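What follows is a set of structures to go through.
Next come two complexes built around chain A: one with chain B, the other with chain C.
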Partner chain A sequence: MSLPSFEVVRPRTLEGALEELERHGPDAQMIAGGTDLVPSLKQGLFSPRVLVDLKGVRELDFIRFDREAGLELGALTTITRLAQSPVVAEYFPVLQAAAKTVASPLLRNMGTLGGNLCLDTRCLYYNQSAFWRESLGYCLKKEGTVCHVAPGSSVCWAVFSGDTAPALMTLAATVRLASPRGEREIPLRELYVNDGWVRLTKRHDEILTAVRIPLSSAGWKGTYKKLRIRNSIDYPLAGVAVAMRWASDGVCQDVRIALTAVNPAPRLVEAAARLKGKRYDPSLVDEVAHEAIRTAKPLRTSASTMEYRRHMVRVFVRRALNEVWANGPHC
Partner chain B sequence: MNKENIRLRVNKRDYQLEIAPNRLLLDVLRQDLGLTGSKRGCDDSSCGACTVLVDGEPQMACLMLAVSYQDCEITTIEGIACEGQLEPLQRAFCDEGGAQCGYCTPGMILTARHLLAHNPRPTDQEINEALSGNLCRCTGYVQIIASVRKAIELLEKQESGVAAAGQGG
Partner chain C sequence: MGETTTQSSPIGARVPMVDAVDKVTGAGKYADDLTLPGMLVGKILHSPHAHARIRSMDTSAAERLPGVRAVVTGAETPVKYGILPVGHDETIFCVDKVRYIGDNVAAVAAESEAIAEHALRLIRVDYEVLPAYFDPEQSMQAETNLIHDDRPHNIEREYHHHFGNVEEGFAQADYIRQDRFDCPEVTHAALEPHSTLARYDAEDGTLTVWSSTQVPYYLKKTLAATLQMPEEKVRVIKPLVGGGFGGKSEVIPLELAAAVLARKAGAPVKITYTREEVFLANRGRPRQIVELKTGVTRQGKLTAVEARIIQDGGAYCGYGVVTILYSGQLLNAMYDIPNVKFDGYRVLTNKPACGAMRGHGTVNTRFAFEQQLNRIASVLGLDPVEIRRRNLLHPPCVTLNNLRVLSYGYPECIDRVVERSGWKEKYGKLPYGKGIGFAGSHYVSGAANPIIRSAMPQSTVNLSVDRQGGVTIFTGASEIGQGSDTVQVQVVAAELGLPLEQVRIVAADTARTPVDLGSYSSRVTFMAGNAAIAAARDAKRRMLQAVARAYGVAEEDLLMEGGRVLGRNGCPLSLTLAEAARLAAGPAGVLTARGSYNTPEESRGGTFKGAGVGPSPAYSYSAQAVEVTVDPETGRVTVDRIVVAHDCGKAINPMNVEGQVIGSVWMGLGQALQEVVDYENGRIKNAGLLEYRTASTLESPPVETILVESNDPEGPFGAKEAGEGSLAATIPALTHAIYDAVGVWIDTLPVTPERILRALQEKQQAEWKSPGTGARM
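Up next is the complex of A and B:
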């Protein structure tokens, strides 16, 4: 499929990129790895007049570990580099586990962390050709008035399908957003809005420049479980990230569980708090896994059924907790 | 839409081109440079038939805007044979039946080349993982893995041959 017409501007500095975004306003869209945007452009989901290509803004490509500030990851860090980083592997295993499952090796070589966090939400009725969508009278997310997943709904149920976001949320990560007005840093979870159309709190003229993981999250045990049809390439149908810190006697000091691909936003599971101060107990793990289903509201946005996806959230929470907790203190 | 004057470096040759900014690298390679080894398969960034090496790393040309890759060294399947001699991976894919319809083969070979450049003695698991972004609908992958194994053998022989020749000299 051919692409719509647009110009491409290639700034070399963050300042230059911000200027381009400001100058072209809503006519402009950002592109970095292009793995999310280009297929959508082919399907006519966006029609920007200008693409601001961020690949030349090398100041956004870095991984820095500081014993006071924690880990800082530039938005242009490719998923491959993230997955191969020795620091990430040693101190933030949940993030490495998630990064290794993103799409395929080829796509990880291209896709960036910033792009993975700002991924467009996905739906069976949205990620289709213009011809396909037109034949159904379009949908609430794009050009239409009806949500085919939940007719009558006033919000869009397209799901957020990133893998790194839930992992970073279990590590209490923050993101930095730069704009012509300056810079602000917000918790990653506040970047998202649980409406598939609104998606992000990031404003149009803001660029997500970096992610920061506090030092207090270093060394947490963790893992990521992902449901998909094929073991490569596919977006998740459900994803569960777990990170936990336990004392030498095995008592859980702190824990976070986050879900992806089962809501319009990645979300933390509140029931995880029940594990704090407790020793490993399979029935307690089962209880939290069961409660986690309440945080998951998958609808018919993919080829798989919502029942299966919800069931797998429970299975994955149990497996992930068993993996990081049951074996850990005794090893 | 205004065309742009760009330069591309492909298979160690420099090209000056006048192209529209919305042209995909895959189309520029195939239509403007006549390099039809890179294939359009799924066209939605799944199958890997369009794989090219960008500064040595396998990426998908169906996702790349040509104007954005002017500072890179691009290598296609046409660029890996040396002085008319097939590269060990190419020879191994021929000998072991790694290519049937051949559509995925350029992508498979380029991806495998990157693997062997960084990990000359991969396990089967590592080969599987490295090639997991390149789909094949003919072989069932068995002969493809066998081809990569054979290429490793050929490369080892080549190396020991070079070492022996070095000692002899």
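Up next is the complex of A and C:
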């Protein structure tokens, strides 16, 4: 399978990269690690005329921890660096836990945080060769009119399959988007749209440059649970991130739970609020775990069934809460 | 006395493979690494329909595209072929119908891959779509729109064997059990995708093909037949092969397509499959449904076994007739079963053709049989190990279906696994969620009967000794990563008393090496090994005779050791091998020797219909214990440890044998837990290594290998097969361990977490309804 032909431009600065994007408009596409994009290019899912290679924009490769601003992560930070960062390990354990589960060691060396956050949504009827999709008659996400996992649906159910996004959402992270018009900073959860085709609120001429985690999220206990068939390589079939801050008496002061790979967007679980101000209570944990299923709407976009993935969301929420909370100071 | 060097024999030595360095450094060349000046890229157009008639085809736009050098279609290549003489149902490109999504419709040779892909999109095919069959049990009911007109009810072949009398056997049984097992299709997933480079020389009409094949000589034959050329004008060369597992053991469409394109384009053509095309070419292990009925006495002695087996073969025969026969014939030669009945159906469906895969035909039947035996043991309250010991064969013997068993290391395999695994302390005694399971398996050391019936030897070897004493083996045997070259070097070095470095090997080039049928049915060590030994003995005899003559000594007073010809029994002679070789070369100036192997008549089986498949000169045996942890809340299985004992007759290279056994276990593990070719209306949904999930290193448990050496009387230095026989036992041992851990039996593969959870729920519901019954029934 050959790559389509395209031109590659290699800007050295953010300004240069933005200019290239503006100049080529919809013909241009960004590439950093390429671990998500290159296989899709071979499958004919994208046919850009110009690839803007961001790897040379070194100003986007940094990890900065500041007592006031919190943690700032450049979009070009590789997943390996993120997983190995002592600061991340010490203050933001949920993020480290998630980063360590991404793909395989080689892919983590290549893949970047920005790429992982902007990952294309995935579906068994979409991530296929041109031959395969043509023989089926295409799908709603690409060139077709029918969603094969939900016939009759007007939205695409391809699933968001990143691991770092839910972890960052539990830490109330924000992302910075740069464009020729300037820069804006939005909560990470507002980056996503729960439609597998629309995916992101990021505009075509915007570059996700950095992620910021507020200092107020530092030190939250956290963990990430990932459902997959193999313990390496695989995308998640479901993912649960939990981060919690408790007082010295074990009372939950604040908690966030986020799900990935069970919707077109990563999503926060609202029922988590029920835990605030409470002491550890297994039945309350069970209740929240049960409620979390409401936030998960996986369809047959990947291996495994909807029922099992929903079941596992419940198990994971409970296990993750138990892990971060049950061994708290009340014990 | 002359000087002697004491050197341990290369037999039983843990030596690295002779091609290891080239593979590790990247210097070794696989088919896709090869290039020729002016080489073109070939691409194949595949059918988007599962079953359709080709009304018409227009290739003119593709032909006009600049950079396109040849376009070929079925009209130009109508000769039928197939690996089995009884299954010639394929053509290089479809002539009138397409029979699966991915079937081969046309091909293009162009100056670049991009141009070739573009050209494929310009080929217009007008299809009349026909109803298609995807499920074998439904396909068997078909009256119309048959996949092949000459196969009523879409049944490729059926066999009905009855040995002894099962009615009487079941009448003697105290307990009879019937179960249905469903094992879906799995595939080889060799890391090297198939690749072929072809060059046609118009001046002398010769064709040279370099291909990733396990069977260069069958490929040569098929190339000649389908391209309608004299066979002596065709040369096939096998470069390094990156894994076969059966997926390269018959002629694969790209091999013929590249050759046809090269001839038409007048330039060399290379085709390398995409990973998706590897899945479409398939030839994997077919889905198999086994309805199995077994009778036993109260003491656990088998009285009768009856199996009804349906295999979903896909759209073409391939090895199918052999696969269905193996699935029934090798119910035997493992245990002493007095009455056996087998009804086997190889069924056609509109999916990529299945074929031979590691453990060919035996794996899913073995899973069913061993699982049912474990279930029987549990019902009767017998130890699963003990029930096996009560049903052992007593070789030398000939089974009901005429399989001759001479060496039988299975009892020792059982004993060693029981001891090493701590079976007695663990089975039934581990805490809930932890379990250990047991099973056995076996396999042929080469099919006793060749695919194309012939009286000629199945393996032949030429050997030359040069004037410096360097030895070169010329063998047709195909190294595909299993150690074929290394084993032959070892046995020749051992026979001639030489260090390994003094023996070179030239293999699998049909213009330079003599015939060997190929790397399938685990035949190479046994057959090519014996042929190599025979050639080495021939060379040795010539040298010793020449030395004896030259020095007036008795031949019996000479021996070869440490690279020299030495006298013994008081004879003080000591010559270098070079001196001996020059003497033996004599006036002709060259010393060549030859050897061959053919199976003994007594090993070739009976005369009933289908008797030819199953017989082998020797059988390997395997016993295994698998330990697991099952999370009853998630259904997730973690395999903690596998202890495997494999009777390989004699380990010529223990390191290599261990690698083969571990590899077999690992493939069994993948099939047991997670591998499945996932079809939807004939379309493979996971035709890639991301979604077709072979086990990663993280799911690969420690595998402790025990090599049992039963010293087969006919094997080379006593050796038997090592590369396939241990695969099958892994699956039932693992499902047995799951039962021991959480009390549920899973009869459908793969054993996904969901299947375990469902079984646990059903068990719980059943217990609520009838409290007080045994928790583990």
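List of remarks:
Heads up, the rule we're going with is that the second predicted complex is superposed on the first by the 329 of 331 C-alpha atoms of A that agree within 3 Å, B and C clash if a C-alpha of one lies under 4 Å from a C-alpha of the other, contacts with A are read in each partner's own complex, and residues count from 1 in each chain.
One rule holds in what follows: contacts are C-beta pairs under 8 Å (C-beta built on N, C-alpha and C of every residue); 3 or more make two chains touch, one makes a residue touch a chain.
Bear in mind that the values here come from a model prediction, so they are computed numbers and not experimental data.
Of the two partner chains, chain C is the only one touched by A:His311; chain B is not. Shared-chain residue A:Met110: touches chain B; no touch with chain C. After overlaying the two complexes on the shared chain, residue contacts for A:Ser283 are found with neither chain B nor chain C. In the overlay built on the shared chain, the residue A:Ser154 is in contact with neither chain B nor chain C. In the superposition on chain A, A:Ile233 contacts both chain B and chain C.
Once the two complexes are overlaid on the shared chain, A:Thr145 sits clear of chain B and of chain C alike. When the two complexes are overlaid on their common chain A, residue A:Phe6 makes contact with chain B while staying clear of chain C.
Once the two complexes are overlaid on the shared chain, A:Ser248 sits clear of chain B and of chain C alike.
Where the contact sets of chain A with chain B and with chain C meet, they give residues 1-2, 5, 104, 231-233.
Residue ranges of chain C in contact with chain A, taken from their complex: 46, 48-49, 101, 112-114, 117, 274, 276, 633-635, 674, 678, 683, 685-687, 690-691, 693, 695-699, 752-754, 757.
Only residues 1-2, 5, 104, 124, 129, 131-132, 134-136, 229-234, 303-305, 307-308, 311-312, 315 of chain A touch chain C when the two sit together in their complex.
Across the complex, chain A meets chain B through its residues 1-8, 10, 31, 33-35, 38-39, 42, 51, 53, 55-56, 80, 103-107, 109-110, 231-233.
Considering their complex, residues 1-2, 4, 20-24, 43-46, 48, 51, 54, 57-60, 62-65, 67-68, 71, 111, 129-130, 132-135 of chain B touch chain A.
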